[in-house]
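Consider the two complexes below, in which chain A is the common component and chain B and chain C are the respective partners.
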Partner chain A sequence: MVKIVTLLPAQHLPRFKTCTCYQFYSYLASSKILICIFSLKCSGGLELLCDSVKIHSINVDLPAEEKKLTMKHLLAWVRSNLIKERPEMFMKGDTVRPGVLVLVNDCDWELSGQLDTTLEDKDVIVFISTLHGG
Partner chain B sequence: MEASHGGEKVKSRLCSICNQRRPALKRPKTLQQICKECFYEVFEEEIHRVIVDNKLFKPGERIAIGASGGKDSTVLAYVMSELNRRHNYGLDLFLLSVDEGITGYRDDSLETVKRNEVQYGLPLKVVSYKDLYGWTMDEIVKMIGLKNNCTFCGVFRRQALDRGAALLKVDKLATGHNADDIAETVLLNILRGDIARLSRCTSIITGEDGPIPRCKPFKYTYEKEIVTYAYFKKLDYFSTECIYSPNAYRGFAREFIKDLERIRPRAILDIIKSGEDFRIATTTKMPEQGTCQRCGYISSQKWCKACVLLEGLNRGLPKLGIGRTRGVNNDHRKDDKKIDTKNIQSKPCGTLDF
Partner chain C sequence: MDSNGGRVDELLTELQSLKDSKLDIEARISVLEAQLQQIQSNQKPSSDCSSEFGHDLTPDMIYRYSRQLLLPSFGVQGQSNLLKSSILVIGAGGLGSPALLYLAACGVGRLGMVDHDVVELNNLHRQIIHGEAYIGRSKVESAAAACRSINSTIEIMEHREALRTSNALEIVSKYDIVVDATDNAPSRYMISDCCVLLGKPLVSGAALGLEGQLAVYNYNGGPCYRCLFPTPPPTTACQRCSDSGVLGVVPGVIGCLQALEAIKVASLVGEPLSGRMLLFDALSARIRIVKIRGRSSQCEACGENATLTREEFQHFDYEKFTQSPLSAAPLKLKLLTTDSRISSKEYDEVVKNGEAHILIDVRPSHHYKIVSLPKSTNIPLANLEDRLPEISSELKSKGIYVVCRRGNDSQRAVQLLHKKGFTSAKDIVGGLESWAHDVDQRFPTY
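Here is the complex of A and B:
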């Protein structure tokens, strides 16, 4: 469906050879480090906001004093690190702009608590904009 | 049409329809949590119900699906061909695309439509602004700039779809307008005080008195569900913003609708219902629907909007027909014979304003 461009450094690629583009899981080598790796897909035009890259594999530092990473943290991270232009197309306040669909592991985030959704290693988060095009 | 559950208190971990699988989405209409499989079923069945209950199609009809390559029309083409097979509608389906001539936008989305043609086995017809009007949008924007260009595009597309539908000899044109679009249009027409359009923008079939009526099978279908459906089914659709800036006024209404939806998803259906229930006093003076003296298209003025705009372009006065002035209609002279009339010859069409 979409052209896949990855931000992954070349040395990481062999690990993901067996994954399809829809299960583009990245994984954590050691669970002890306070770093989570997610793969994140933008589609529906949102990729235009991040240099037209549709799939991002990212590392997010867990904020201090927090045990689990939530969507709230992730969005703040995405906003400051991934979105290259027009953040208002993606965010409104501390959440996504109404009309942007969020799926965590192919499941509507409204079912998992939206901003409070806790994220784990290997989770796949997809943002789809519904705001233009017919 | 749509059963309303007030919102389920029980946060079950299983699909509220089949009670077996993990839910994958929350339906905005009913707030039910349902799994992918049940979602496909209710989504398709609901559209089937809308088609049957509103008698949108008759067996043996030729139907054009307005296809832009975007999410709505791609899902419409897919669902229509599925339902046509499954429920034996006996329809001949076609894809109809308009090529506005926007490099880097429409040419890419047309590629998507061409793939859809193969994927769904539906014959495709493309009509271009260049052929119909002698101008591409690129050329128009070069001349008039980025202000009001959406007016040209919108007016021209409306007629272009009718011309294409006439060439395909179809009985009806189905468009992918969804519930969000219609709610947005209801609001816009209220804000603009456009009583005539307000009274017809919620009709599921429009232009029945004209040669090619239009219908909107997705009238009650939420955009969220269409996008989710396209994503789960991995449908091949194109999504990029038009490079010639979106219609700002519509954008505000759209954003407002989305904000409302977040607070109360049913608001979208409620707005459509209000639009449907609007009754206009019989004493209200409505614009008379006549036909354009130049091209025969339906028009409440002497000339239809497309002819006025085209006249402006060809005479190098692109401001004609923009805004509220009706100068051309009131005092145009007979010096416009040189305009290429074969481009806009008789195309009697229905009411299509949406």
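Here is the complex of A and C:
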């Protein structure tokens, strides 16, 4: 099977002229798995990690030897296909770094089994980096 | 050096003991004021009305809060609960400003505010409780005056000090509900732990750039901040409004929602945002409410085997834990030796003497657009390495000076230039802020 990455048309995306500061909020979305990254940026922040794109629509193929797609597969896929730089701002080991909340269909992934959460067609995944400002 | 060190210790000890006495005195003043108010309000004939109308609202209160009393789901009972409640707002900044205004206006019985900061001109776009007349004065003094001008019938408690592990338990214990309107990671962990120890519900809000977040912690068996974030994020992931910027109305929206949640908890009306989190994205006009985990049995603060005690709390180093400072003071790096650095005054001499040189401004381009020095070249630090080839011929023949906003990134840039063989590169100590301070007072700061 062919892996296809489709970014939403540019006019559907928030525009960020510069990079350093902005939180981003990325909807990795489309026909199969929707992923949405909604985060706090950092100097060279999370949005930069994905070319400042907040919303992505992606199709992820099931690894050949697996029956179900899990968050673990998805994170590995995001790391190798979407994160362009400084992966340590997004991940630590094989999971997300401290301070990033992962939501599967608007629900904390702690409640669905974290890395073992099984993903289905049209699921929406959101990565949120916690904010501290005020 | 030793005698200096001894003197410093002596001063620090005396300062600490004076601060402790000051706290004791302030605490005593608060207690006495509260007692006085109690006696005075008991003497007012209006308080006898309680039996007259079947509730404890005076005629003035009925008129003032009439629009809330008219709400079937809030009504006399909700208002009466609110009037008996006490709420502490920590931070009188972007979040605290609207929160305090609404909490004072709606009739919270006792409203406390903590902040050690003073009002600055660049606060006013978002910290709407403060006015120009209060620039340079205490934020708490300013906020208290604004709250009193809206509602002189409630009790307002001023805590003009930074919340620390040494005073947090004492201050927080005087209130029923805590609103976290601070701006940094160590404060958030400290306040959450303090609320867990004292069993206080915590309404936590945050805002930065064009996004905000809101949740109610430690309420009715729900999670605390540590349940959600057991490990602090890396320092590089903690941005401040003073570096990253914030649109004024964004903390305004979150601060209003914090007041709303605090009112709901205080009046026992509705369903507080516990076990859920609200995410506000101003740019796309989207609000999502997501379900978060419940109380964690492994939580170090509130879990089954939690070991956190008041004693430990008072000695816990939250700055070390989160690797970031409690105060908003910007970082001051020292990466270079003095012979690779030059003061803004010395640089001014270089310009006046007409020495051939190139000045590289390594700030991000949107900073450069705000204000820049004449004849400087903007190459953001992130692009410096890639763009070296296009300027290297010029760099080889001239002196190289590097400037940024405060003198941190310029040092990183000079380190990079040295590594690439441009060993004459120097940075301007203190950046454009020192230029504005020491050379050209009309040069804008931001």
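In this section, the second predicted complex is superposed on the first by the 87 of 134 C-alpha atoms of A that agree within 3 Å, B and C clash if a C-alpha of one lies under 4 Å from a C-alpha of the other, contacts with A are read in each partner's own complex, and residues count from 1 in each chain.
Going forward, a residue touches a chain if its C-beta (ideal position, glycine included) is under 8 Å from a C-beta of that chain, and two chains touch if they have at least 3 such contacts.
Model, not experiment: these values are computed from the prediction.
Peer 1: I'd like to know which partner A:Gly93 touches here: chain B for first, chain C for second, both or neither.
Peer 2: neither
Peer 1: Tell me which partner A:Thr130 touches in the superposition: chain B (first), chain C (second), both or neither.
Peer 2: Touch status of A:Thr130: both partners.
Peer 1: Is chain A touched at more residues by chain B or by chain C?
Peer 2: It is C that touches the greater number of chain A residues.
Peer 1: Looking at the overlay, does A:Leu101 come into contact with chain B only (first), chain C only (second), both, or neither?
Peer 2: In the superposition, A:Leu101 touches chain B and chain C alike.
Peer 1: Which residues form the common part of the chain A surface touched by chain B and by chain C?
Peer 2: Touching chain B in the first complex and chain C in the second, residues 22, 43-45, 97-99, 101, 103, 106-108, 110-111, 126, 128-134 of chain A appear in both lists.
Peer 1: Quick check: in the complex, which residue numbers of chain B touch chain A?
Peer 2: 22-26, 33, 68, 70-73, 176-177, 180-181, 223-224, 226-228, 231-232, 234-242, 246, 254-255, 258-259, 261-262
Peer 1: State the interface residues of chain C toward chain A in the complex, per the touch definition above.
Peer 2: Its residues touching chain A are 91, 93-96, 181-185, 188, 205-213, 228-234, 236-241, 243-246, 251, 277, 279, 281, 283-284, 288-293, 364-366, 382.
Peer 1: Can you list the residues on chain A that touch chain C in the complex?
Peer 2: Within the complex, chain A contacts chain C at residues 14, 17-23, 25, 38, 40-45, 88-89, 97-101, 103, 106-108, 110-111, 126, 128-134.
Peer 1: Enumerate the contact residues on chain A facing chain B in the complex.
Peer 2: Against chain B, chain A makes touches at 1, 22, 43-45, 48, 97-99, 101, 103, 106-108, 110-111, 126, 128-134.
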